[in-house]
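Both complexes below contain chain A, partnered by chain B and then by chain C.
== the complex of A and B ==
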């Protein structure tokens, strides 16, 4: 009875739970990246992102005001103020004045300073330093504090990536360059591949099967192998480095998959329609334009998502074929790498820029996603 | 038809947009971000004094891209190599143009230890004859130990002047219940390079400079007992559980960029960090070098009589696409002005003897330059001089294996084997 059509399997819950678990697992890195993009570089390097969400006990080093701010009260030299500048002051649990004894005192106690004088600290961060002699030096005294810190987030990273005047014109230019690369590099291979796929699926000519096999074979050629010979060719025939070169390269690298995907989809279209229209006197071009293209829309959309995402995220091909010595044709990916700095240490920028650059692919994906699943099944399920 | 016309116009506009005038001289180098601003300030000076224009493009994957561009014939006029070893490979392949005659004499006369800079920039060309191809500009000093002066003060430690004192300080810190060193070898695909600097520094402190030169050129085998001893000397620091923050197991997995942050944490994870002059870029935000952080010269043994050797590195300008203006740029770099512009900014040291050292933007840079000028022996980072497969390959991975517990002898044997395989 269990196997009857329409009867819900008892394993349904197991399936749902495992899907939910997988989705959560899959999203954890993205969530970490999102949380990190709202933290400062120092926070990222000192504690994990999961600790950023709750109040935690932390050891921090604060400084009192500088000796130049001292006042003379009743013949004594006094420096006083608040350790934390923010309104939401963390609660101090213990404190100290030396790096080798960071939690010797509790709030309210008074500690002797090594260079003379003493300091007292309240639980809310108010400190009071007194000495008979004037405080010297250019910097305030270090105070080591163990405090429970509330979560703290910042929008500075986004401000830095998106609105910093030093970056903003470069970013806008890079955004346009990327679109200039990605849109033609998506449309050109689709145009060519659609024609080729029709020919390979529905036109009779000798060696057709061999040609299909050859194109499938091209799928396994790693593009890294072709970089130098192809660039050499571009230099020799005068294309040089630039948008034309990168379009041609993306077209070439994208074609095998495009042709394979579209051909498999078109082969599955009903034979009767095509034969009927042939009998009615339609030419191959008419059949292609009026029947095949409209019917293949899901496959075309699916491939255009693939190709657009690949060209949008691409760094390698752009670096090889696009960047000339003028430095004017920088794409987004390269611009984001630049923001990382010469030695690549700015993780907070990396996290933030990942979320900035994700926006356009997300828009493309959600507008075309209803075709994606249908397109993904092209040729695999009849 | 109209549609096609406007489409053609658009395509034409895009194509011309792609071929913006590159200026008289194009440069390609490894500097990005603040360093890019610095080098562009120097190039602005060049543009002003000659009336020429320039374009500079930086890349984080310089080594790979310059190879692709040179192979394809689309290289910039001037390329800035961080590793002379790589430049030597390019010279042999015929991608470089020798510098104008007389440049060598200028370097000999105006750079401290001039001959050694000429030697470092002289490579065998495609025909096998030696030419001066590289002009060194911007030097890093590597033999530095960074520390937090206030922590030293709190604990009552003083800066060691000799290696013996440094080792005594190590033990004292451990006896006090703390950890002396932060060491991190992690660096993505280049993991292991910080350890090669350690070994090179210790090589210079245990052996005469001539032995170092033989090691770098492989006239002396990598698995020679003297090299193995230097590796073990590094092990005395990095493989001692009590000496390293996080234990010796953390050495190879800690990122070199995160490692120095232990100096400034509360409680301090470590007291010292040996790293090149660029590392303040990775100190926590707001750290002031000279007040919150300071450095001392990684000391030499008092009882070995090897003077005070300094390990350094530098970037070398080579001509990858010949043009008269490219030679003009190299000539401009010989002016004191070209050095002083960057000196007044950040992170620049120079062996040029004629510059006015008062223009340094902060006193710590001057102190570093004094270490450079006061060196009795200056040697270039050996791993940058070795062939790429060793200096940027098996030496790195070998040091990671060593930090993770392999024996120094077997690591050295493996590196020598990889070197033999390249010959």
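== the complex of A and C ==
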């Protein structure tokens, strides 16, 4: 086939290049966020993430230590230290002490300070300020530096977002809440749907076709329909806005797809096995538990992945059915929206929190992709 | 109690309750209620077999009725009533009339129409392109994984990802958003705050959903492309058709049905799109859509009447697809 169609090598190259372009387009947005989550707040806000991957020449503004740190050595006032706090220090190409002339000096030279005294700066960022009179003011002196910055990454954002007890973003707690929502909301509907799917696939009774049609119809009912009526119902029967309510809601919204997928799969199972065991005296319950369930594993796996991704990633259902004024039960998606609103500029927190919430679905996706694809195909290609 | 522990307990107890319900109800049916012994054993077996399906389906049906069927009717009722402290008052179509006069509603409707016109078409188009191209190269499966990956990312996560792409900084600073960096690189005069620019911001929000849905379209269309009978393709090649003709005249017509399924599935997703708009603009700057309009009315304005009326509009829009799906399913089962 390929040698028939693809004998033109130019065409083959065009295919390779087009796919490469698509892949890059699809990957770059996520990559940007991932790279950003390993950069400091300063780095994120002063340069694009794509510059973090290679050594780049950048103009940065740094400050020396504050005047309160000055020492008196041989009757002169001295402030000294390193401009950059990081271990892998950038190499300074040129520097200056005024915003109009930011590259007046090369490393090793000494510059006169406007307020008196002088400063010298080495290529590795070590500075030495000296003056006859004490340095005044509450802030350090500004130093303009043109430096070649090597790529530098940090895990501090993750440490801060996940493990810092004083952390405002509370992502660790939200992670647990999401987990608490997602797991039961995945398991309960599978169990209930599997029995119903078996009945709809292998048991004879009047009205079966009508029921299947009913479920197909429910597949597309927008879940927005259910928000207010169910919230009212939950309040009336005392479930309130807790985890139980979210589990039930997710079960309800997931059931049509679960029954539909599982029924489509079970209908295709070999008839002989089931008929034979009926003749051998097995009850429907035994057939279901011992034959149908094990054989339906691929479909069960496919649906669990769908439902897990859906419940993990959901915002609307959690926002409506799960609310606790103390904020103990906020899920990660809701937390992210909150951060987008209140800390729109704090990309280091936002990027890291987003990645914490994305990483579990991505692991599930890459390890179980085979089942997911198979499930999609039973679900929609007919 | 810790919620995680509570969750674990609930899972075990729910699974136990479910299994024992199915087991015990079966046992009861076969041994106590209609035992397969004695004078009526045959009649009992037949009766039991007629009841059993309903035992198997009862929990599922109960949940479907309470969680999906009842809300449709209740929402319809709410859309025709006004909430007062003393109770609900029947107001006929007043909520709908009020909604039609709301300019935000029309903004939402027209934006939704734009989403409907653009997102399913582009997602399906890119999906078809990706499916066709990746099937012909050695590293196609790896490429597919990458294009499919956004499916696993939440709408909110995607909103954060793309908000960084669209970020704008003042002109005297380095841009940290890729879009503005490219815009300036290719000769743009000043960085733009893209998500506050009407019209363009709508398109940029759509890009997020297209980015997510293309992988879905690709996976399904790629399976359909592989199912095309080889003979039709070989015959076309022998007859001298070029790759373009082969694709558009031979392959695409044979997977028309699947394209339609993909298109309608994405259409439904588009109609319900909420998270992306909610997280990125919250409907400001002319980006309102129906699902977010509804959320605004229901949970911010606390106006259940108009909120329910807007949900009914959403329901009305999916109804053609619902009818079409149900018809297809019935045709198949016959």
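Criterion: the second predicted complex is superposed on the first by the 240 of 382 C-alpha atoms of A that agree within 3 Å, B and C clash if a C-alpha of one lies under 4 Å from a C-alpha of the other, contacts with A are read in each partner's own complex, and residues count from 1 in each chain.
By definition in this document, a residue touches a chain if its C-beta (ideal position, glycine included) is under 8 Å from a C-beta of that chain, and two chains touch if they have at least 3 such contacts.
Fair warning: this is a prediction, and the values are worked out from it, not measured in the lab.
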item: Partner chain in contact with A:16 - chain B first, chain C second, else both or neither; value: second
item: Touched chain A residues, chain B compared with chain C; value: C
item: Chain B versus chain C as contact partner of A:80, first or second or both or neither; value: neither
item: A:32 touches, of chain B and chain C: first, second, both or neither?; value: second
item: Partner chain in contact with A:156 - chain B first, chain C second, else both or neither; value: neither
item: Which superposed partner A:180 touches (first chain B, second chain C, both, neither); value: both
item: Which superposed partner A:99 touches (first chain B, second chain C, both, neither); value: first
item: Chain B versus chain C as contact partner of A:337, first or second or both or neither; value: both
item: Partner chain(s) touched by A:91 [first = chain B, second = chain C, both, neither]; value: neither
item: Which superposed partner A:284 touches (first chain B, second chain C, both, neither); value: second
item: Interface residues of chain A shared between complexes with chain B and chain C; value: 45-46, 180, 227-228, 232, 243-244, 320, 328-329, 337, 340
item: Of chain B, residues touching chain A in the complex; value: 14-15, 17-23, 26-28, 30-36, 55-61, 65, 68-69, 71-74, 76-77, 148, 150-151, 154-155, 176, 178, 188, 257-258, 261, 264-268, 278, 281-282, 284-285, 291
item: Interfacial residue positions of chain C with respect to chain A in the complex; value: 3-4, 6-7, 10-11, 14-15, 18-19, 22-23, 26, 30, 49-50, 52-54, 56-57, 59-61, 63-64, 66-72, 74-75, 78, 126, 129-130, 133-134, 136-137, 139-140, 143, 145-157, 159-165, 167, 169, 173-178, 181, 211, 214-216, 219-220, 223-224, 230, 233-234, 237, 243, 246, 258, 261-262, 265, 268, 271-272, 274-275, 278-280, 291, 294-295, 298-299, 304, 307-308, 311, 314-315, 318, 321-322, 325-326, 328-330, 332-334
item: Complex contact set, residues of chain A against chain C; value: 1-2, 4-6, 11, 15-16, 18-19, 22-23, 26-30, 32-33, 36, 44-51, 176-177, 179-180, 183-184, 187-188, 191-193, 195-196, 198-200, 203-205, 208-209, 211-230, 232-233, 243-244, 247-249, 251-253, 255-256, 259, 283-285, 288, 309, 312-316, 320, 328-329, 333, 336-337, 340, 347, 350-351, 354, 357-358, 361-362, 364-366, 369, 373, 376-377, 380-382
item: Residues of chain A defined as touching chain B within the complex; value: 40-42, 45-46, 59-61, 98-100, 102, 114, 138-139, 142, 144, 180, 227-228, 231-232, 234-235, 240-244, 319-320, 322-329, 337-345
